[in-house]
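Structures given as structure tokens follow.
You will see two complexes here that share subunit A, one where it goes with subunit B and one where it goes with subunit C.
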Partner chain A sequence: MTKRVLVAMDSYRLAECAVPLACYICGVDNNYNTELCRHCAAPLALSHQARTQGVRPQMVAVLGTAAAGKTVYLGMLLDMLTRQNSRVQVLARGAFSITLQQRTMMALSTCRFPEKTPNEPDRWNWVHCQAKVNSKKNAMELIMPDMAGEAILEEIDHPNAYPAIHSFLEKCSAVILLADTDRIERGGAEQNYFLMKLITYLSEQDNRQNRGKSTRPVAIVFSKADRCEPCFDNPELYAREKTPNLWQQVQQRFTNYGFFASGVAGSVGFREEPGEGTSAVPLRIEPRGIVEPFEWLVRKV
Partner chain B sequence: MAPLSPKDLQVAPAQQKQPSGTVSVEQAIFTSARTSSKDGYQLVAWSPGIGSDDARQLAVWGPAHDSMIVEDPTDVSLNFHPLGDHKYCISRTVLGAAEYSGRGGRQVYTHCFVLDAASFTKFQNDPFRVLSAALAIHDLRPGAKLPSDLPSLKMLPSGPPVDAGLIRFFDSPVQQQSLVAWTHHALMSKKLMFTGGYNDRFLTVFFNLLPVSIRPEFSFSTRLRYSPRRNFRLIGLANDMEEQKRAARQEGCSVFQFDSPARTPEASRHPWATWVQVALCHREPDEAARLIGEVPLTTRLEDLSAIGNRLRVAMSGKRIKEAAAAPAASSPLVVPEDNTDRGELLVLVERALEGDVTALERLNATWCAQPDRQLEALRQDCARHFLGLSRDKRFEPGSKGAVAVEILSLILRVSP
Partner chain C sequence: MNRYVVGGAGVASVVVLMSLTWLFGSFSWALATTVLMAAIGGGYYAYRQFQIKFADHLNADQSNPETSTSRTSASPTNTSNANDSQSLARKMLDQGRYTLLLRPQIAESIPPKLLQRAQTMLDDEMTLVPGGETIVGKGANDSPDLPDHLDGRIVQVEGFYLDRYQVTNEQYHRFVENGGYEQISLWDPEIVPALLDFVDLTGEPGPRFWKNSKYLSGQAKHPVVGVCWYEAAAYARWVGKRLPTDPEWVKSGSWPVPLPGARPIQRKFPWGEAFDQNKCNLWGSGHGATLPVDKYDDGMSVGGANQLIGNVWEWTSSRFGAWQSNSSPLVLDASMRSIRGGAFDTYFETQATCDFQSGDKAIARKRNVGFRCAIGICDLIPDQSMQAEDFPAQVETHELAEVAQ
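Right, the complex of A and B next:
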């Protein structure tokens, strides 16, 4: 007599792969095994990670012009927060989240700044991490990409040029805006205009949903502030004096905002190599004001 | 009298007379620089015919930092892609001076040439002809100082649709086999990455052997890192293993290795690839060039299989006629194969009618040389069998069966 038994249909396991996986950033359906979203080129590892977590990750954007210091700021921030930190603790989710930190620290340790971030979204570094502020009960899941400055500007000038940025900025809960202090000190007005454009873009995105000022927390960080000591003393006063239009726009359009100053390299030299041109060399690494804007944002979100 | 509008009051631009036969080609430079409007990768200079839409598209397709696979200032990447619905861009990318921001690495410098569909047709839709013309009149290397504006270029297209000299160039069997396999994969894949020891000559000959109307379908890039943002159809990667692995993981991409090209059995090979083999091996480049050049400009990619079969048969038919006209003494002695019996040939006719390309090949090989009394009798038997079979069957025009009937009627010299 044959006993009745249940035999698992192995082929049925493939059914999981037939179910589409929605991109966490743009929401477009993709094949389950694909690496990058076919629409916005964001890594689908974010969607896989998000599915396994009980909480939906929040998104934090770090924006600034090309060479404003986004990669160095994010890389240094993650490196500092993944060490023992009394105020904020960060735990990376997924091996891909370590790459940005690794690249930045490897470059700085060899007296180099990390190379320019490519414009192609498929080559950006994305960070998915868990952040825990001491005063808060629950930890937060955060997604932070390191995007190219040109791509951000292109998206602002021509919406939907970069679907990843478009969707990300629409969904992000908080924004860190980096202003290059070095260029402001040299008298350039482009930082002022770029950040004004961004402020307008972000507030208009929020205004589509509700009239009035935007409640999305925005931290305006003067990067490379080591080249201007007064900026560290009072970043808001610095903003009022050096970037008055930006200061005015922020006041008028946002309720949750803060001005900060940060610096990674204590001193920068320049090396001239025949045939290679001039390259900037960080002479010593002296991070200042890196954690404060992030901590402020995490508390506000 | 109607009042003048502000437009009427504007000074009309001076009309420049275009020399006869020349084509207007717009140009633009995409690279990394600090300009008054923006920092980083942008169009730094462009000619007056580049509109804002074109500029936006060029910024999307333009390769930015670290896009060249090989960090060698002498390395050149050639690219071709559509620009909107009615324009095409042919570009040449090299590494330029150091990145302006002092963060290490060199700027990626791309010189783009943009022309509309009508102008491109004058270049026989061949991107390499546009590049050759541009190189003849322009130094495409990055200068010490970036230009701020560029003039529209006047280029003189020349040459027949197909250059017989390029076919003659591919005379080594290894090269020919690689090109045939490559053609098959290029035609069968929606996105094909190619790796290994290829050179731009393969692409040049590939384009040369395509009908003119089909050529714009094959956008390509060489020696650039793969990015889904740049939607090229043919993507040439260098011998960088990491880059190859990264690219191969992308959805819907096939890979072709020039160092060890995967041979495709004739039966499953794309008929146009088989025609390319015939064109390369028959050592009659002028005839092959003439036949491809005569393919109508309305031909679509879907028609390529049928046309490939037709050209192959036409080429073989010509050889048969020439062999028949040649004196018997100079013709090679034809000995029917030992296994060529009547029954087998009749089965081959049946298989050929079902669309078996191998059967068609064998039948074609049987009667392609000098006529022989025994073979002639077999041909008549096969022709009768073919007529009998084709009478019972009805094929849709353009179907595999209909093409098989057409080819068989040429081989067996009967019309059903």
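Right, the complex of A and C next:
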């Protein structure tokens, strides 16, 4: 004799799976209630927000070598723009967009730099915000991820190694390239080569459609320029003299480009960390040249 | 006065004339001799007058009645020296170098009126910070905001005077104008070879952002910036002061209240415990540049020092890292000096408190670092006005004691 058993109908789960949600970054379909994209690990909250608001956000990439200052730059930028209503205003979309700002500011206020961004894409911070420039009528939706420098380098050397970076750079409408002034001043060529690779990568992505110069706006920002005051006086002249290859590449491949200098720490000390080598300690925080590149980009986009 | 001199000389001439007539037996010879003697005497007198007037002209000091009085009473040589020293003293007062005159070694040779003027300038331009204990670094308020490398230690500070305001462009210009960059004796010996690097935008000696050894127009009352630690120290020597030590700076801002058997209670900001952006010029104030040093009166310290917090960081004489924690020490450039107080571009309010210390290289000439000067009470003569006030009180006590007996 068979016993009758009541079995719960889970068909609604099947229905959820039947309505896929496309990742806003890479476009791959995902389950509706998944947190991160199964292909590129970007948060699907971006897709949810884009769908509910009916606005397609623009993407801005902040790129640079490891420890070039991407996290600090982005965190500082967001904090400055949300703290003071100046020429550009920013409004965060979703609580997750404030995590990067919070972590960066908590560290800087106690004279520490934030921890290095991990290489794993599922641990990156993604910022989705609304940016409004005084001179423009409409606000703009922006997505700005904080990607690890090593991952960016890996993607450039081996395209498609990181689907999130590949897809993001293909779709992004503007780029901020950070060059570590401290390392340039110390005479290393690493920054020069990395940025040349990036510029080549970006321009070749654009040239698939047309063969002329890329029209994508690119802001080349000399970060940590507080350690080299002349850089602030004339960043383009600095680029021409200190990174001539980079300067040539930018001129030949892009029509919309600008050179900027930025600094966050007024002065820096160093500390020997057991087993980790030397780490920099900001002795005070004096942001300088942070908003200007972003404002320039937002006007160009 | 001259009337009596002429009258006396006339009577003397008549007496001499009559004596010579009796002696020579001839009035003509007697008259000629008298005229000759009068001519020699008059010539000598005219020569002395010319000497005195010439000395006056050199000193540009003819209009002062004080000088003319001393001139008539003193011997010619002493008069000349006294004039020189007095005009020099006046010049120093005009340059704001009043503390030099109040040094015990110098004050003895300065007339009381000039000394009084110097004392008044001291009272107007400097605040008296009493001696006592202060906590330097972390631990002052057990603040969790302060970085790990700042340690808290109790330091005994002697009483001192501190400038009420940061040194302005106008004040520093006097130093530049009077050849401060050429007077090697004012500078630390190790920096003398680098003196030629301390030039402005036009290559002339002066702070980094000046032009042709002059500050930008409209910035006379702004704090001087673009000066390194050595330039600040040289200026301080020139005006007869020094840079405050790190504990002195903390004490003047946090104004500790001593407690028996416990750590002194210190203020976080000169005006109290809570931050108020209307009392200082930091990043949040939105000015984005320096302001005149006499702004933000509401933010002054208990003693009356203005803008200890904000506007520009201030060089102190102490080495940066002198108070850092032993548990997590920093590897620092040996020349790093302590700076205090925050500036117009300081982003976090927690980094512009009385107990927060930052540092920079001694040769850094930054747009947001200036300074103010200090001098120890023991380096100056006792305040005459304070002594005068004390005197009647002593008499009164004495009288009361007599009554009690």
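We adopt the following convention: the second predicted complex is superposed on the first by the 278 of 301 C-alpha atoms of A that agree within 3 Å, B and C clash if a C-alpha of one lies under 4 Å from a C-alpha of the other, contacts with A are read in each partner's own complex, and residues count from 1 in each chain.
Methods note: a contact is a pair of C-beta atoms (placed from the backbone, for glycine too) under 8 Å apart; a residue touches a chain by one contact, two chains touch by 3 or more.
These numbers were taken from a predicted model, which means no experiment stands behind them.
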Subunit B and subunit C placed together on subunit A: clash or fit? fit
Please indicate which partner A:L108 is in contact with in the superposed arrangement: first for subunit B, second for subunit C, both, or neither. second
### Query
Of the partners subunit B and subunit C, which touch A:H158 in the superposed model: first, second, both, neither?
first
- Message: Let me test your reading of the model: by the given contact rule, A:L36 touches which partner, first (subunit B), second (subunit C), both or neither?
- Response: first
Inset, instruction - Give one of first, second, both or neither to describe whether A:I285 is in contact with subunit B, with subunit C, with both, or with none. - result: second
First (subunit B), second (subunit C), both or neither: which does A:A67 touch? first
Looking at the overlay, does A:L237 come into contact with subunit B only (first), subunit C only (second), both, or neither?
neither
Classify the contacts of A:L91 with the two partner chains as first (subunit B alone), second (subunit C alone), both, or neither.
-> neither
In this superposition, the partner of subunit A with more touched residues, subunit B or subunit C, is B
* For A:G269, is the partner it touches subunit B (first), subunit C (second), both, or none of the two (neither)? -> second
Min C-alpha distance subunit B to subunit C after superposition on A, in Å, is 12
Subunit A residues contacting subunit B in one complex and subunit C in the other 112, 270, 278
As the complex stands, subunit A meets subunit C at residues 83-84, 108-112, 266-267, 269-272, 278, 281, 283-288
Listed in rising order, subunit A residues that touch subunit B in their complex are 31, 34-36, 38, 41, 65-67, 112-123, 148-150, 153-154, 158, 161, 190, 270, 276-280
Within the complex, subunit A is touched by subunit C residues 145-149, 283-284, 286, 320-321, 328-332, 336, 342-343, 345-348, 350-351, 358-361, 364, 366, 368
Listed in rising order, subunit B residues that touch subunit A in their complex are 32, 38-42, 56, 59-60, 64-67, 97-99, 101-106, 225, 227-230, 249-251
